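Here it is: the structure, laid out below.
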Amino acid sequence: MLAFFLKRLIGAVPVLFAVSLFVFGFVRLLPGDPARLVAGADATEQEVASAREALGLDRPISEQYLRYAGATLRGDFGISSRTHEPVIEVIGARFLPTLWLTLAAMGWATLTGGLLGVWAGVKRGRWQDQAAMLAAIGGLSFPGFWLGLLLIDLFSVHLGWLPTGGFDGWRSLLMPSFTLGVGVAAVLARFTRSAFVDVAGEDYVRTARSKGLTERRVIWRHAARNALIPVVTLTGLEFGTLLGGAIVVETVFAWPGLGRLLVDSIAFRDYPVIQALILLLSAEFVLINLVVDLLYGVLNPAIRLRS
Amino acid sequence: MADPELLDVQDLSVSFPAGRGRTTVVRDLRLAVRPGETVALVGESGSGKSVASLAITRLLDYGPGRIDSGRILYRDNGGKVRDLAQEDAEAMRGLRGPEIAMVFQQPMSSLNPVMRIGDQIAEAIVQHRRLDRTAALAEARRLLERVRIPDAPRQLRAYPFEISGGMRQRAMIAIALASRPRLLIADEPTTALDVTVQAQVLRLLRELQRDLGTGLLFITHDMGVVAELADRVVVMRAGERLEEGTVGALFAAPSHPYTRSLLAAVPVLGSLNDEALPVPFPEPPAPTGPQDTVTAAPPVLEVRDLVTRFDIRGMLGGIRARVHAVEQVSLDIYPGETVALVGESGCGKSTLGRSIVRLEEPSSGRILFRGQDVLTVAPNTAADSASRRGIQYVFQDPFSALDPRLTVGFSVAEPIRTHGLLKGAAVMRRVEELLDLVGLPREFVSRYPHELSGGQCQRVGIARALASEPQLIIADEAVAALDVSIRAQIVNLLMGLQRKLGLACLFISHDMAVVERISHRVAVMYLGQLVEIGPRQAVLASPQHAYTRRLLSAVPVPDPSRRRDEVAIDDTEVPSPLRAPDDVPDVAPLIQVGPGHYVARHRVGGLY
Amino acid sequence: MTAPAIRSPAREFWRRFRRRHTALLAAALIVLIVLAAVFAPYIAPYDPAAADYDALLQPPSAAHLAGTDSYGRDILSRIIWGGRVSLAVGLISALAGGLIGTIMGLVSGWSGGWVDALLMRLCDVLFAFPGLLLAIAVVALLGPGVGNVIWAVAVFSVPVFARLVRGSTLVLKQAQYVQAARSIGVSRFKLILHHILPGALPAVIVYMSLRIGSAILVGAALSFIGLGAQPPSSEWGAMLADGRSYLGVADHLTLFPGLAIFVVVLCFNILGDGLRDALNQKLQ
Amino acid sequence: AGQITVGVGDNILGLDPTDLNDSVSLSATRLFFQGLYGFDRDLKLVPVLAESTEVNSDSTQYTVHLRRGVKFHDGTSFDAAAVKLNYDRLRDPANRLKRQSLLEAVDKVEVVDEFTIRLVLKAPSGVLLNYLAHTGASILSPKAIAQYGSEISRHPVGTGPFVFTSWTPDTLKAARNPQYWRQGLPRLDGVTIRSIPESGARLALLRSGEAQFVFPLPPETVQLIERDERLAIDKTPSIVVQYVALNTRKKPFDDPRVRQALNYAIDKTAFIKVVYNGFGIPMDAPVAPGIAFYSKQGVWPYDPAKAKQLLAEAGYPNGFETEIWNFSNTLNNRASQFLQQQLAVIGVKVAVNPLEAGVATTRLWGAKTPEEAEVRMFFGSWAPSTGDADWALRPLLSSRSYPPALYNLSYFKNDEVDAAIQKGLSTADPVQRKVAYDEVQKVVWQQAPWIFLSVNTLVAGRDKRLTGLTQQPDTALTYEEADLK
């Protein structure tokens, strides 16, 4: 187990290295002159030049990479060219809000999505199934910003119950996490339903019924658990994606998260922040997929991992 | 009748959707079970026995089948008579378990693949007996011990895929018994069990009847078991009840011609005591006399020192223990020869067979097919393909060996197409021919596995194995789920092919009477090792190994007048092939005791 | 009596699908919408780009069934034209991503070992690389045409499909019947095609039908952060995003494109369900 | 008294005014910092930390008398030494401050006495005080500069009406400066600035009462505010001009008739109505009316027939095809689309190509020579942060301002204009400067290197209880006199 874990973690090192190299090249391939952006819209040529020097962009690209790689290995991610703060701090300040938002959104979305999906699966073909499906599709075809604005209009402007945005206590978390979770819940609901319908016809579900178990137990312990295996994959992936920040929701609710940071950093060609963010995201994904793989084994003993 | 009925099925009809209409598979069935009574339901494979039992428990509701008419009267614990055909789902749920329990025919797919055996048993206990989980698990362990599963504490924690076919079946029985039902419907509960365990399970059922007054509806093909166990017998064919009677009366004077032919086809162990070679059943087509098909040609299959072990892993992948399923087995099979492989449930028979077709990865040893080591050939080469075509495996659990998403026709045609034996419409003709051979209607080509009965599935498996015209068939309990007449037909079919094509066969079976009929030689396995091997006559008539002797003594006799009330069964701890990862068992060499007759002389697990 | 022929799994599937009337209806509706988009020039009542400064933000009326937008353009016509872009984005990206991802997942789950490790780490990288970043890059490098975005979206659905399919493959690989087929000597390709893929397909189909909707909405998200379709090509997502600041002032600007997306997503999901159910031999 | 919250559209990137160039951050620093000079709300130059200034006759030496009794937030006193330290810090290229060009003209900073300072220039300049009035030339506490070093942008210590409390990515908080040198001010106890990028959410912030002032406001939402009697719309004429630069080096824009035709082809009133919901006025000179030395030329009339005729004269009777770029955002894209539609009427087919911010830097400023430039039409705006005609005209229209040096995207070159711009820059005499800039504006208007579009009105939403919070034409907010009833 530990060996497996370590092996995967060590396996992640080349991945991260490849990512770092890739990202380094990628951001520089993007058209755009960071120095010009740093210097500002009405900067003079000298100001631009001095900004370029300050960013170290006047040096040969190989030297830039070596510096970057060396610093990264030491855990030094550099200074943001947009705010002049150390990248660690820039990201650090926004990691927690993103984490909260993600956890809250995933929390309710997996619960609701899973429940809704199983419910629809149980009532397959009946009106409850159809209603759940319509709700899910509604959730899917609602763009986040639209829903977000509607919620703000209702709960903040008209009812005055919740703050319009910002990262400030649990009340500020309600609307963003709801908005963010809707899509996930919808996807999970549809997906769980599908997996559930496949499993519900299996013989072992019949066996469970023959034991006289309550229908709830039959559904949850026997059918749902087997249906969970594909759902886990998706949940893991959605979780990872959300950890990368939900740009739209963060923007609507002025949530100081990583997604907006990424967009802003890209718009500003803030190389150090982009590089560090993507490295962080890769690490997250490696970790999440590791957990998903472990979960496979837990859920389905036949595919337990051989390290 | 003095006794109040427990179950009284009246004019039950059940149908399934078929094409645009429905087909009726159970028609006007009448059936009664009294408390403490054992009713055997026998009949042709596919005659509707399983469907009828599903209808009684109303588990049919969860599939496409419908009860069209009839009443299912049941007298519950409170003495109230209810018509189960009319009860609502919640009331039925309350009845299932403590009132009516069921053992399903297909134990593999009927166990939840991701739940531990112990939990699956304990669950029923918790639900109905109001015990907490620990107590329930302790009770589950007791149940496993009572169905003679070795190493019960560990098997509690095993998953279905980790245990042998017979163990699964016993786990199913344990689940059904867990709730102490008043009516137990057991659908072929002992087909995958070796005779010793079968005897013990039957005894367990009798005890249960005695203690709780449980009524038992017992579906089986084994007339020996019927004779041994049943009070009354109901014979079914094509969805209808043909006749019914007490076991004595029915065996003595069957009234319906079908019943008569059924009983005539029952093989009796010892009937070939004087015959050295296998002899086909006296069934049509006219038998051809003794099976003198073994030639002096080099063996088709040579197994040398084969070892297959399973690592038991914890939740997170660490090895906790090791199952020594096959330990240094060596075995030759010659063209035209049938070697029967017998032995206690869980002793490694299937694993040996599966290793030969490379479904398991042996840890060491060699397997030569026509001189070519199949373990070392590169995949996807001609040699590989030749061996995969030449050796065919008939799975012990036929249902899970068929792709549920493919039609029977496609599954049977698959080996033909894979090896490019035929093309176009010829494939179709060949598939039909194969279905004919195993006694299945041709329209089954468009059926799906879940639309078949247990015996029909098994025959599809056989047809599929025959499709690629193999030189060697490994038949793992291939006829266990078939009624005697079909079984005779299939055995004769195999023998016919042997005669015609020199087919060799490794015949894994618990049914000693069939073994006697079909095999040239018999190999006995015990705890993963081969303990005795020799000409059939020698092994069965003068068994040398203590285990072989015990095995033979437990074979039930298909004659109710010779019913043994208490079989001599030893209740010693069941030995287990499970060992610590570095504890390798010693294997004694086989010593010749007669012409071609070898036996291992050493102590293994309490025997010598 | 002549026995029925051995139908291939695909034919069997089609036979079952034909009986699912709602799914057929949804499919017909999709075809209709696609046709409307294709023949937009003949169907749309107005030129989608023609502005009428005397009729800004008109609510729905007989002349403009869905009203006009902030330039006085006919919203209905824009929706009909916009279908071209939106449907292309949704369909192409979901299909392409699904196809590649499925193949990757099958190979990965089936092979195991280093192939699996390599492919899955590749997925990790793709995942880590936020889709939006690539979309931005594509927009930056190739210009803000929606066509370019299609590929970005497609690429980023690959890892999801790959992991989903790999998950199913890992489970199915252990199935007794797959082993049985393997012991017969069925070639790897056929094994995967006939025994593994059909088992993994339901998940793929469901996810794909979901993905079509979210791909259409990617356009909205891009417009929202200012990287939308190239004007004046109308596109549902962009219409939604642009109309959002008129919420409360002129709601029909968002209502109708929103409705269009909803209907299309709904149809694809119903169709997806039909396909999925037709794959399940136990459902009649 | 009271606390207010102000909603703005972008993130605050730092709080060191000398190292900032985005208007949101600069505006925020005005809570804490002041310069020697400043602008009032009509963009008139007013002394702040200075009391008066004497300029020598050839405009090369500025002697500034400083205000006495002013203290920084950290308790240290404001004096000439502090000013010298600040100015030298800003000028020193080694510090790489983004605002270093503000003091480009200065050769030396001399302390005359404790409260007098002299700025010696490299060449005569008439606009130095405008530069000193720029927020970027604010005075920071020397103690804080020494103490915080490179962290100074997170620790603003100045002389302004508010003291820094906290700053998280989206929220800046400031509290009343009790020792503020202006008696009785500020009136508010505290100010919070929140960044709300989505305009709908920003609007909601105001409507839900969480904020008392939001800027900018999408013009189309004004209606919603007007419906709410607690709220008011604040309109401020801006100095931001919206125009389309036409690359005068490229065919067909090298022909003045074509450029004029394009000016005739656009209905400016409709443009303002459609794109900005009516908030703006048509441009009637190359600079906005708020700029010093603005010289009104009259609006280019909307006359498509005339436009067609001019095109025909120039040899394009059937129009031509070209491309328009802009910085991609909702309003800019909307504007470009509008232009596209209007030009289509006279047969000019325009492809709209919105540029992502980063891409724009290479596409627009990447060309080293006019020949390399790919730009044809560029829709953009210019906000001359010094409020002076020089910075409003020179960077855009002088032939020395071709990219990458400055921003002359129309690659406009006119000798008269060049000479006049130079003349205006090199004297402090208002009369001479007026003559020069009148000339520039007249010629530019005739030559039409741009399509002259509009001067927008800044639209902000305000809670009616909030008074005294003024917005300047360059979008900066002045909090000093704000009060909440």
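Observations
Chains here go by letter, A, B, C and D, matching the order in which they are written, and residues are numbered from 1 within each.
Everything that follows uses one rule, which is that a contact is a pair of C-beta atoms (placed from the backbone, for glycine too) under 8 Å apart; a residue touches a chain by one contact, two chains touch by 3 or more.
Please read all numbers here as calculations on a predicted model, not as lab measurements.
Set against one another, A-B and A-C show the most C-beta pairs in contact at A-C. Chain A and chain B have Cα centroids separated by 50 Å.
Chain B and chain D have CA centres that are 88 Å apart. Between chain A and chain C the centroid-to-centroid distance comes to 21 Å (mean Cα coordinates, whole Å). For the pair chain B and chain C, the distance between C-alpha centroids works out to 48 Å. Along chain B, residues 63, 161, 450 each make contact with two or more other chains. Looking at chain C, one finds that residues 136, 140, 174, 244, 247-248, 282 touch two or more other chains. Shared interface positions of chain A, defined as residues touching 2 or more other chains, are 30-32, 145, 149, 153, 201, 251, 266, 300, 302. Each chain pair that touches appears in this list: A-B, A-C, A-D, B-C, C-D. For chain C in complex with chain B, the residues that touch the partner chain are 1, 3-9, 12, 174-188, 190, 194-195, 198-199, 279, 281-282, 284.
Listing the residues of chain A that touch chain D in their complex gives 30-34, 36-48, 50-51, 53-54, 82-85, 93-94, 145, 148-149, 152-153, 156-157, 160, 163-167, 251-254, 256, 260-261, 264, 266-269. Looking at the complex, you find that chain C touches chain A at residues 117, 120-121, 123-125, 127-130, 132-133, 136-137, 140-141, 159-160, 163-164, 166-168, 170-171, 173-174, 202-203, 206-207, 210, 213-214, 217, 220-221, 224-225, 237, 240-241, 244, 247-248, 254, 258, 261-262, 265-266, 269-270, 273, 276-277, 280, 282-283. If you check the complex, the residues on chain C that touch chain D are 49, 51, 53, 56, 70-71, 136, 139-140, 143-144, 226-228, 230-232, 242, 244-249.
Considering their complex, residues 11-12, 14-15, 18-19, 22-23, 26, 29-32, 133-134, 136-138, 140-146, 149-150, 153, 183, 186-187, 190-191, 194-195, 197-198, 201, 229-230, 232-234, 236-237, 240-241, 244-245, 247-248, 251, 259, 262-263, 266, 274, 278, 281-286, 289, 292, 296, 300, 302-303 of chain A touch chain C.
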